[in-house]
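What follows is a single structure, and I will ask about it in a moment.
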Amino acid sequence: MKKTTLAALAVVALTSMSAFAADTSKLVLPGDITLEQATRVIEAAKAKAKQTDTLMNIAVVDAGGNLKAFARMEGAFLGSVDISIGKAKTARLFNMPTKDLGALAQVGQPLYGIEVTNRGLVIFGGGELLRDKSGTIIGAVGVSGSSVENDMAVAQAGAAGL
Amino acid sequence: MKKTTLAALAVVALTSMSAFAADTSKLVLPGDITLEQATRVIEAAKAKAKQTDTLMNIAVVDAGGNLKAFARMEGAFLGSVDISIGKAKTARLFNMPTKDLGALAQVGQPLYGIEVTNRGLVIFGGGELLRDKSGTIIGAVGVSGSSVENDMAVAQAGAAGL
Amino acid sequence: MKKTTLAALAVVALTSMSAFAADTSKLVLPGDITLEQATRVIEAAKAKAKQTDTLMNIAVVDAGGNLKAFARMEGAFLGSVDISIGKAKTARLFNMPTKDLGALAQVGQPLYGIEVTNRGLVIFGGGELLRDKSGTIIGAVGVSGSSVENDMAVAQAGAAGL
Amino acid sequence: MKKTTLAALAVVALTSMSAFAADTSKLVLPGDITLEQATRVIEAAKAKAKQTDTLMNIAVVDAGGNLKAFARMEGAFLGSVDISIGKAKTARLFNMPTKDLGALAQVGQPLYGIEVTNRGLVIFGGGELLRDKSGTIIGAVGVSGSSVENDMAVAQAGAAGL
């Protein structure tokens, strides 16, 4: 293909990007979590983390399970970047708190071994669903950085802050 | 944790699954592609494939980029299972046909090298967006199994069948 | 490489694709599952899912363990895309229902840990073999979206629909 | 292992977590980017994105190359979650803007092929270093969602907002 053709194609593609940008309503389904909502969840989780003297990674995914927002507090575990995102995704992938999925995945329980699917799930507490006022799931929040109990408390505070 | 506690938790989780099942409107955002729509796309693509004497893998993803439906015709390339799904995902991930993204990813072009991101994108034609009547993107279709031109023609026929 | 050489190669490749397309009997083993059969399996599984008020992901693989057809019902777990395909593959990879493999993979059992092989197996019920009238294995079906018991019942209904 | 031993271990672990939490100065290097700084970078990038009518994914990594904060604007490409994070990491991994690394990675250039290392680098513009007042690198910002030129302009605005 000639260089001029490629350049022309690039212009077309870039133009169509601008066109898209002009009307975001064509790009996302109505009701999906907004960045403002996700930021509120993170702020509420951070407030709870400070109150409980814990250092957290906090992740929010949208209804499709794709990362929407993330924050890591000073001193929070580096290894919890992946875990907090994994918790949020896992909660949305199975429409339940990760603690509930984890209960089903214990030794001797029905879903033992499920954690190796989906390129790695997180099967302990700290992932909670996010619902709009009608109860529709619009995403999930995952928190990691302290004991599972603390992670859960902070995630639930985040969800309540929606 | 005692076995009885775990069993109780399992019951809770299963009960909540049943509860979820009762009202799917809480589980998906309004307007996302339905299985019936995805099946129509696949049938339209298959009809075009037969008409052009080609053997295709056809994949449909939803607005979140998650696989919704898939079909492989007899004799279609085994290696195109992954490629057709990859084309559908790639189209939705960047809101443009894979051919347009590919033009931007050629040697010397601005997005050269993009194909190694997202655990592997497909940067040649055959992935097309699916839009509802208002123009909102509700998913994408990916077709792989013949020449890129044929793949594109079949994918476009699939999209038109929505 | 000169442009004319590339063009010539392309012609060869496309011609050979067309040649293949003309006679699918040279491309697949006799007796392997057809797309029509796979679709029947999915339809039978869907009917059972509706009857039991469950929301399922349903995957069918062929005798080679490669994905043949897939469908996700509205509201079915996003995380079960991977699990349903994994169940179908796992069943065919070891020629037994995933429940049976799972029994061998429990703590203290001979195949403990097998789930991390093959880039992730699924070791709980819901993957069932598909056999032709003579009993030859021609593929497998995997179902995921509810309790393991429901997943198994729907997978078995799918297999019976073959 | 006996239940009491496990409980004791858990107490030790939780105690040590609390201890850590009490003094974050022992957990991070002096001068590393703070969440407040990362948030300022994201806000400055968002402001520039709005001004240029673009829809962006914006990621900030710390001096160790680990994700610190992330935000995806409404309608921004889903595929740019991975790319924006990849740009930020790539910039820090090689201590240069991704555009500069990309120039070295083109066909015929010394680093041709480098993009497949590190589980996937991003070799086009939009990743910029973040430096403190003395010029020390304390992290990087990656932006993805529009043309490379726009991505770079937004990333540079983000860096300037530090």
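Labels A, B, C and D are assigned to the chains in the order they are written; within every chain, residues are numbered from 1.
As a working rule, contacts are C-beta pairs under 8 Å (C-beta built on N, C-alpha and C of every residue); 3 or more make two chains touch, one makes a residue touch a chain.
Source: prediction; values computed, not measured.
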Contacting subunit A as well as subunit D are chains B
For the two copies subunit B and subunit A, is the contact made of the same residues on each side, with over half of the numbers shared, or of different residues? same
Distance-maximising chain from subunit B - centres being C-alpha averages: D
Indicate the whole-number Å distance between the mean C-alpha point of subunit A and the mean C-alpha point of subunit C. 29
Averaging only over C-alpha atoms, locate the centres of subunit A and subunit B and give their separation in whole Å. 21
Cα centroid separation, subunit B vs subunit C, in Å, comes to 17
Subunit C to subunit D, mean C-alpha position gap in Å, rounds to 39
Do you know which subunit A residues sit against two or more other chains? 17, 20, 27-28, 64-66, 95, 108, 110
Which of line, ring, star, complete or other matches the graph of chains that touch? other
For this entry, which pairs of chains touch? A-B, A-C, A-D, B-C, B-D
Inside the complex, what are the residues of subunit B that reach subunit A? 1, 3, 6, 9-10, 12-13, 16-17, 20, 25-32, 62-66, 95-96, 100-101, 103-104, 106, 108-110, 131, 134-138
Within their complex, subunit D touches subunit B through residues 77-80, 82-83, 86, 102, 105-107, 115-116, 120-125, 147-149
The residues of subunit D that touch subunit A in their complex are 13-14, 17-18, 20-22, 24, 27-28, 34-35, 38-39, 53-55, 64, 66-75, 78, 81, 146-147
Subunit B to subunit D touching residues, read off their complex: 64-65, 90, 92-95, 107-108, 110-114, 116-119, 121
